[in-house]
Amino acid sequence: MSLTDLQNQELEDVCSIKNTTRRPTVEALEEILYKPLKALDHGFVRLVDYMGNDSAVVQAARVSYGSGTKKLNEDKGLINYLMRRWHTTPFEMCEIKFHIKLPIFIARQWIRHRTANVNEYSGRYSIMDKEFYIPEIEDLAAQSQINKQGRSTDVLSAEESHRVLEMLKDDARRCYDHYMEMLNLNEETQEILDPNKAGLARELARMNLTLNYYTQWYWKTDLHNLLHFLRLRADDHAQYEIGVYADIILDIVKKWVPFTYEAFLDYRLNAVNISGKSIAVIKKKLAGENVTAEDVGMSKREWQELISLLEIK
Amino acid sequence: MSLTDLQNQELEDVCSIKNTTRRPTVEALEEILYKPLKALDHGFVRLVDYMGNDSAVVQAARVSYGSGTKKLNEDKGLINYLMRRWHTTPFEMCEIKFHIKLPIFIARQWIRHRTANVNEYSGRYSIMDKEFYIPEIEDLAAQSQINKQGRSTDVLSAEESHRVLEMLKDDARRCYDHYMEMLNLNEETQEILDPNKAGLARELARMNLTLNYYTQWYWKTDLHNLLHFLRLRADDHAQYEIGVYADIILDIVKKWVPFTYEAFLDYRLNAVNISGKSIAVIKKKLAGENVTAEDVGMSKREWQELISLLEIK
Amino acid sequence: MSLTDLQNQELEDVCSIKNTTRRPTVEALEEILYKPLKALDHGFVRLVDYMGNDSAVVQAARVSYGSGTKKLNEDKGLINYLMRRWHTTPFEMCEIKFHIKLPIFIARQWIRHRTANVNEYSGRYSIMDKEFYIPEIEDLAAQSQINKQGRSTDVLSAEESHRVLEMLKDDARRCYDHYMEMLNLNEETQEILDPNKAGLARELARMNLTLNYYTQWYWKTDLHNLLHFLRLRADDHAQYEIGVYADIILDIVKKWVPFTYEAFLDYRLNAVNISGKSIAVIKKKLAGENVTAEDVGMSKREWQELISLLEIK
Amino acid sequence: MSLTDLQNQELEDVCSIKNTTRRPTVEALEEILYKPLKALDHGFVRLVDYMGNDSAVVQAARVSYGSGTKKLNEDKGLINYLMRRWHTTPFEMCEIKFHIKLPIFIARQWIRHRTANVNEYSGRYSIMDKEFYIPEIEDLAAQSQINKQGRSTDVLSAEESHRVLEMLKDDARRCYDHYMEMLNLNEETQEILDPNKAGLARELARMNLTLNYYTQWYWKTDLHNLLHFLRLRADDHAQYEIGVYADIILDIVKKWVPFTYEAFLDYRLNAVNISGKSIAVIKKKLAGENVTAEDVGMSKREWQELISLLEIK
């Protein structure tokens, strides 16, 4: 995440802006606006713009003429109610925009969230930076044997890790060197290497890069869809690397819309969707009755998850 | 569009806000922020919030670290280029939010634009206002005999107009009186009329209102989708009543993003999609050749439109 | 729902089709294809086309070359797993298309489900039918005093009902008569009434109709979004009138994708989203501990709902 | 595109299906259903399912009870009209589903079309195949010096090409070998290599693959959005590799909905969006007047494009 002098100058310029507005502002966001928050080894999350706050949710829910706020207490209650009853449209009335730098294999997961606006750095048009993601040793997890779609809690041995990192680094570097050679460009100066060569089209040469190369994009979405993204990606089942980004954004949401954030934790992130059968089990248990997985036609795996969730011995 | 005292107080409150922000602001928008701009007889368009400006389009297109602006001239050129080549995603990086009051039959057209966020005043929850749309006499157009989906340029005779307005007003009023009677509420005081009656559920009683009753909503969309809406609704083929709203919004776009507005006029609103066959006709005409509708397999209606567009005698 | 002779002939024609296809078919759907299933007094749901079945969900989840099916038992298990873990994209691989006739005030709720394709009968282009919804006496519910957004379980008295029905019918009829008079058309023959009058444009005259008039549309959506629609609209909190349509469609889903239907019942329709605080309460209760609303910072209303859900005395 | 025996068996199974249906079928599509149509060196397009035909467009536009068809001639005229006037919703009433195998760098472009349903082969869950894209020598285009976002019409010299292909192949192979080594799996047998190693999680190891590796997905969209995709991707400005897929799909559209296909060619693919200024130029030229770029305030590049489009000398 080492920015060039030009980029740093650009950043300083936007950070020094002071405008007057009648729109709602959020002080805690103004402080972090434009500043790159580090993610993984070379990535970042930069808040670029935002629209609305907790009051804007209330204002839209009430279709009111003013700012929506009556008393803070009532606003909080209404936000809780909306979140609890899945009245999602008022949360669509807030919008947020980020500039994000992330590895391509994570970008491929991220982009599946379709209800967002995206402008990605174009490898057809521009030369890709020589920046690739290399995991920390403690993040080199083994394949899970239980959950085919995830990593185990075990990490690799020191020796195995060492070999993995060696391969990742070597391959990423070699692929980039060849990328630049195909483009017929000098890596340092980006000048033409050999005047007798034409240089392959950028849109083709980029295919030689590995999936841990960083890309970057502007990404803009509304609060409702952002929370949906966070619910899936700030979750244990998400891949660790996208989770790093989700956690940073979750922290920004906390600063932005504190009431909505609290409601989101209780009714979404810490909540559980309990199936009809599971509710039947809980009722029976609470009534002191005995009940087994077979009684309710529940699979073993599902039963185990319920028992573990409720901490029943 | 007569607001209550409470609504006026709420409006004054939000209009007196002065916040400091590092986000981009647009002075011409700050001036009209929150103020209801009159539309039709009782409707309005109120700008409630906005995100970004012309520079934000440029910034996203360049995925840049700063505000995107190099020189004003280059920005203008880039925006023209993006609009001309249908690079639409950078325009999605600006967002705008309105509070709109509009007749239900217009709301039904409007809502078909799906890529927007909407919170509508709820007739299940609240009592509808006694406000309905009555066209001006000069807008009482006759049915077109040529275009089945539209109105003619002729208006009704004075006598016919008079009768139409009479029916519209009488029916709207009677339906509202009965709506309140079903709710068992006094129209003036909204107090219970008859303590021995239960009052019909609001979600049912509302079905007795006519389609010219006003509803209101918060409506939020990005600049790209807003321009698409304007292209269709600020057009001659659109129904006059929705066009009134589109024109007001188009004027707001002009204040908000002047470069984008100009590009939009030239490449969208004043532009024409010319079919492959039509291009063949134009080429021949320019080369001094004679050509007929039959030569290119064009329908009469299409041929007429082309001739009329090119002002060929 | 009285169809014209022409419409009945059209229906018969499509019902007699027998084509051969290599695409998956669902016998139970073929039987009801094209037939109008009655909804409310004049509405209907007509299945017009469908794509895929339970196997298509499995096939997409496995990105497989064949039909996706291994053993029926494994397919069922996989569908349960996908539903339980909110892997929603495989359910998007089935598509269904309906022709639906419904009152306008219900259409206004329905259209808020944005992820669907819609073609509505155009009141700008065509003359609206003289068909309006009048509730059954047992559906004339009073306004709820507890839940502001809904109806009470009490119905109106015989006398109050009688008066409501009278107003609804009279107003609907009068508004339609005036609608035709504005159009200058005879109601029976749709011929011009008075050759000296021009007749108001259809797009204007329609505003005089009440919201219980029927409209109709073609509506097409994927299985995932259909289930989302059903979860909200086949629910107790939904307005009764839209629930009637949802129930008919739910029954079609049962015929179409029986495994998905069962999973949907258990993990969505009969499931409950339990907040983090509620889980804490359940754990304590199961461990035999005492706990109050205050202990966990839960609102009274929320606490009551939890107690009632779990049938705790 | 060498399928395994199992995959071939699966294919044969689905191809031998013969079902009876009352839904509309398209013979020309039934013939190619399920068969992989080769794209690039290892990719394919497989039609998996379809809903509707030209008549379904007409049926929805008319909101009719039957199949929509009156006379073939009228249907064709209506489809032309709908396409010409951008009445897009009737085209959303047809749906199509493909199984597609494509290089990752192309998949990244493709996925930006958001209005589609996608299930992609998961590199978190499964082992990626050893298949990567290597361009034909005649497709190794040089970077364009005029258009920064594209390739030139010149190809590389024999020597330069040779070196590029060498690098592409070597790097792709080495990266895959290391991918399997990280997974601790034998490439041929997919059995564990070294019992003393844990093997890196799949979701991590995949990041070592280059962007020309093939992925595959089920992709489903409606006809309107498909045509929008084709308009952009079967165009000269699209990258050649995605164009190969677009051309195959365009050919399928021709078989599927021949009337819509013809209208699409004339009003979209071969049509041009002419700006307001350009129309002014054409009018003057047709009237025999002289006009320059400066007269209408047009940029040089735009002027050149217009002159070249109209073949004016």
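Here the chain labels run A, B, C and D in written order, and each chain numbers its own residues starting at 1.
Quick note on the criterion: contacts are C-beta pairs under 8 Å (C-beta built on N, C-alpha and C of every residue); 3 or more make two chains touch, one makes a residue touch a chain.
What you see is a predicted model; the values in this text were computed from it and never measured.
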Note: chains that touch chain C and chain D both are A, B
Looking only at residue numbers at the chain A/chain B interface, is the share used by both copies over half or under half? Answer same or different. same
More C-beta contacts across A-C or across B-C? B-C
Whole-Å distance, C-alpha centre of chain A to that of chain C, is 34
So how far apart, in whole Å, are chain B and chain C when each is placed at the average of its C-alpha atoms? 28
Touching at least two other chains at once: which residues of chain C meet that condition? 118
Hey, how would you classify the chain contact layout here, line, ring, star, complete or other? complete
Within the complex, which stretch of chain D touches chain C? 3, 7, 9-11, 13-15, 17-25, 30, 33-34, 48-52, 56, 59-61, 63-67, 89-90, 92-93, 95, 97, 99, 117-121, 216-218, 220, 222
In the complex, chain B residues that touch chain C: 103-105, 107-108, 111-112, 114-115, 118, 122-125, 133, 135, 140-144, 148-152, 154, 156-157, 160, 163-164, 167-168, 171-172, 174-175, 178, 181-183, 197-204, 206-212, 239
Note which residues of chain D are touching chain B in the complex, please. 77, 80, 84-86, 232, 237, 265-267, 269-279, 282-283, 285-287, 299, 302, 309-312
